[in-house]
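The two complexes that follow have subunit A in common; it is paired with subunit B in the first and with subunit C in the second.
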Partner chain A sequence: MATLTCRQLVKTYKGGQRAVDGIDLTLEPGELMVVVGPSGCGKSTFLRMVAGLESISDGELRIGGTLANQLEPAQRGVAMVFQNYALYPHMSVFDNMAYALKLQKRPREEITRRVREAAALLGIEALLERRPRQLSGGQRQRVAMGRAIVREPRVFLFDEPLSNLDAALRVQMRLEIRRLQQRLGASMLYVTHDQVEAMTLADRLVVLRDGRIEQIGTPMSLFETPASCFVARFIGSPAMNLLPVTQADGRARLPGGLILDTEALETEIIETAPETKADTAASADAAEPPAAATLGVRPEHLRLDPQGEFAVTLEMIERLGVDALAYCRLPGLDAPLTARLPLATLEAAALREGSEIRLAVDGPLHLFDAEERRVARRARLSADTSAATSSIA
Partner chain B sequence: MTTFERHSLTPWLLLAPQLVVVAIFFFWPAAESLRQAFYVQDAFGLGERFVGLANFQHVLASPGYWHAFGVTALFSLLVAAGAMGLALLLAVLADRVLHGARLYRVLLTWPYAVAPAVAGLLWLFMFDPVLGVLTHALAAIGVHWDAQLDPGQALALVVIASIWQQMSYNFVFFLAGLQMIPASLLEAAAIDGAGPFRRFFGITLPLLSPTAFFLLVMNSVYVLFETFATIDSTTLGGPGGATRTLVYKLYEDGFVGRDLGGSSAQSVLLMILVGVLTFIQFRYLERRVAY
Partner chain C sequence: MRYRRPGLDGLTHLLLIIGAVIFGLPLWLALTASTHSAGDLQSGIAPLWFGDQGLANYWQLLSQPMPGLGVSALRLLGNSLVMALGIALGKIAISLLAAYAIVFFRFPCRTLCFWLIFVTLMLPVEVRIVPTYGVVARFGLIDTYAGMILPLIASATATFLLRQCFLSLPSELFEAARLDGAGPLRFLKDFVLPLSRTNLAALFVIMFIYGWNQYLWPLLAANSPDHATAVISLKNLVQSTDTLPPWQLATAMTVLTVLPPVVVIVAMQRFFVRGLTDAEK
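Coming up: the complex of A and B.
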């Protein structure tokens, strides 16, 4: 039985704004699902609806099989970790963690045992007598997680729990959350705007845009087959290069005088929200998938090659250590074309800002239609020979 | 740093007018009163004689002083409890208001801008035995109201007027205190299983305790000194001394009874009382509210 099921969940705020606009998803037991999206896309609203802190305007929320729409937060069997930790400042760490159990009127020995177990799991036994203000950010974060763990909830909810930590601590706590989740076999719904955090933590990833699900899938499936330009831009760092495709002389043309040849694929299965899944299926069934309007290629899938299709000017180099990001100008394209290249090859070729270089595609190409949806086609690039072709014609 | 040191005269020049005012109208009279507490004056204020602690002995031995002390204690308790309780209730309600919140806040803050004497008069009119709106309302439910005759009603009148005044001040602080409490704390408590009352008494109230402590100190001082105008414009300490607080008795003895020595001794005692109260509050209460 699923831990949590949402069916067409809608939140309309007073004033008519639909912050959450029909979310369908299922959280399996022991799964860590990350909801990711830009600021203001409705992540917090969605999580708060699950927690019972916001009313549900429409749709159905089931937790552990029972309808939870009208349940009080405390009755839902959820625990939440807030971005600002929300520790009770006037209580010791022990009392913070014990608060829920005390309210449940559990026996004193049981409370002590459960708090100590959770504290041991998080390595905060030495802090139990302290007040929250006597703790560092990372320690507060642990206490907030401890408070959630003590309650043994059916679902853990996290709302950007790492945003207030510095970069190093963020990585450390990320690993810790993952370790805990696997150790406890806990079901977690985790909200973040940070796509790196999302990629590294998630069993499954939900990309949210304007209150709607853009795509659901494993991090790698989203990386490899983004269902839309939005997902393509959002998942992966640096972001995927997106090039406009224009139709001229009966051919698909790209900036930089390139020609795009495509051939329809049999089917391509992308897990998205149900209604968009239907769309994808329909377009796959149709004899001819829609024409491509945008071509995507990841910076990792471009390499330096004297025979490469893209003739570009190197505008800027960002050295990351082993690799470097090369920002290049492609005639006819406003945004820079980004390539992730091994630093050694750049240095060996003695390239610097201003050099004329050629880049070849060394990986999959992604095609999107005029509605920015993924197109089920295989693509091939070639240099423009149309001058010759048209002269023959 | 050096720039500050070099111009060390400028701040004093800028402060000078204020300091002069404070010196003339506060330190000088205070010092004078301290001196006079050890002297007796003749009835015309022409001569005086050093008497040591005789003024204090006389004051502390008089039943009238202890009566005023009792009235003050009761009065303080009623006003502090009433003004803080009411202010907290209104602040909690105003904190929940979503629409027109600003208007409520302004309206609830207004009474503080009214001078105590005017506030006293307002309530005196409303409770006037013949013309008062509230007197008629009370008569309709069978209560005969005449604050000029009934000691209990006189005390009630000044207590109500003082609460009404002080409530606004407390309200502003309580509301600010409430708005400082992050919503996520109460949400976390709700998820932990605390209902609205538990959240209020278990989270909100403890977090407001520093504010409440500050207000308790401020209200005590207010009741001991500031209510003079309220009493003077309404009951004049009567009937039968029912509303004669320490500060009002001090005024009566000194300016009506012309007993400057005795009155000065009382003012010194009052200052000591305020000091002791503040000390006790800081010493014992603050320890319990700090988190």
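Coming up: the complex of A and C.
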């Protein structure tokens, strides 16, 4: 039985504005699902609807098989970790963690035992007598998680829990959440706007856009086969390069005088939300799939090659250590073309800002139609005048 | 703003001393005058140093019925205490609930309610004294503690102050408590009260002094000497028709009347300052 099921969940505000517009998803037991999207995409509203802090305008929310639309937050069997921790400032750490159990009128021994167990799990036994204001950010975060664990909820809800921490601590807590989730076998719904956090934590990833699900799937499936330009831009860092495709002289042309040859793929399986999956299937079945309007290529899939298709000017280099990001200027393209290149290659070729270089595609090309949906086609790039060079789908 | 300049320090201290003297002088005069005999004070010259009748004057005041009123000073102070406490606690109870409702509940006309409460700032007792007297008289509350207290316990100031204080509590706190299973009343008891305790203490001090200093309303609502307050008795003491006023008693009573608010302020000063200035929770 699924831990949490949402059917066409809708949140409408008074002005008729829809913050959440028909979300369908199922959280399996022991699964960590990350909901990700830019600010204002409705991800926090969605989480608060699950928690019971926002009313549900339409649709169905089931937690552990029971309809939870009208249940009080405390009766839903969910525990939430807030972005600013929301610890009770006037209570000790112990009381913070014990409060929910006290309200449930549990026996004192049980409360003490459960709080101690959770504290041991998180390594905060020494802090139990302290007040929240005496704790560091990471410790507060642990206490907030402890408060959730003590309640033994069916679903843990996390609302951007790491965004108030500094970068090093964020990485550490990220690992800790993952470790905890595996140890407890807990089901978690985790909201964040940080795509690195989303990629590293998630069993399955949900990308939200304007209150709708853009794509659901494992982090790698979203990375490898993004269902739309939006997902392509959002997942992966640095973001995927997107090049406009124009039709001229009966050929698909790219900036930089390149020609794009495509042929329909027989099958391509993309994990998406049900509705988009139907769309993709329909377009794949059609005799003539929609023409590509955008070509996407990840910065990781570009390499230096004297025979490369892209003749570009190197504008800026960001050295990341092992790799470097090369921001290049491609005639006819406003945004820079980003390539992730091994730093050693750059140094060996003695490249600097202003150098003229050629880049070849060394990986999959992604095609999107005019509606920015993925097009299932194999693609080849070639220079306009010379013979076709390379590329694969 | 903290300037550290030697010359400025001297000047500010001088100003503070002048201010303190101006404020302290009447009190000092009352204190010294209360230790002289009636005869000494008839000369019309205020004594600036203590006399030898201090103990006798205070003893007379506390042991014998007050001339003109016929009740003891202790009774008067007791009446004042009941009224001041009743007003202070009543004001806090009512404005606490009002502010709690306005801040934490979404109900129709919420803003309207708030502004209605706010508008009553323009209707102090002095303005509505005739109708208020009528209402209290019809309820048969003249000459009762209830009659003296009830008309004064609605407070827009306190509601406003508490509202600002509650607004500064993060809303996640309320949400986290809801997820933990705390209902509205429990949230009030377990969170709002402990977290606003300095503000409540500050309010209590202000409202206690406000209640203690009431003059006009108890003058109307408490007709019999049994319910007269200490502040009213001061007026009675200096208003004798055929004899000279007993100045030594009047000044002694003044000193006694000033003491309770002083005690309250000294005892709660720590909270008072923090409650009015400290926004950090």
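Going forward, the second predicted complex is superposed on the first by the 385 of 393 C-alpha atoms of A that agree within 3 Å, B and C clash if a C-alpha of one lies under 4 Å from a C-alpha of the other, contacts with A are read in each partner's own complex, and residues count from 1 in each chain.
Basically, a residue touches a chain if its C-beta (ideal position, glycine included) is under 8 Å from a C-beta of that chain, and two chains touch if they have at least 3 such contacts.
These numbers come from a predicted model, not from an experiment.
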Fit or clash - subunit C, subunit B, common subunit A: clash
Partner chain in contact with A:348 - subunit B first, subunit C second, else both or neither: neither
Contacts of A:104 with subunit B and subunit C, given as first, second, both or neither: both
First, second, both or neither for A:175, with subunit B first and subunit C second: neither
First (subunit B), second (subunit C), both or neither touched by A:320: neither
Touching partner for A:79 - first (subunit B), second (subunit C), both, neither: both
First (subunit B), second (subunit C), both or neither touched by A:131: first
Contacts on subunit A seen with subunit B and repeated with subunit C across the two complexes: 51-53, 72-74, 78-80, 82-84, 86, 88-90, 99-100, 103-104, 147, 151
Residues of subunit B that touch subunit A when the two form their complex: 182, 184-185, 187-194, 198, 203, 206-207, 291
Subunit A partner contacts - residues on subunit C that touch it in the complex: 170, 172-173, 175-182, 186, 190-191, 194-195, 281
Residue ranges of subunit A touching subunit B (in the complex, touch as defined): 51-53, 72-74, 78-80, 82-84, 86, 88-90, 99-100, 103-104, 131, 133, 147, 151
Residue numbers on subunit A that touch subunit C, as the complex places them: 51-53, 72-74, 78-80, 82-84, 86, 88-90, 99-100, 103-104, 147, 151
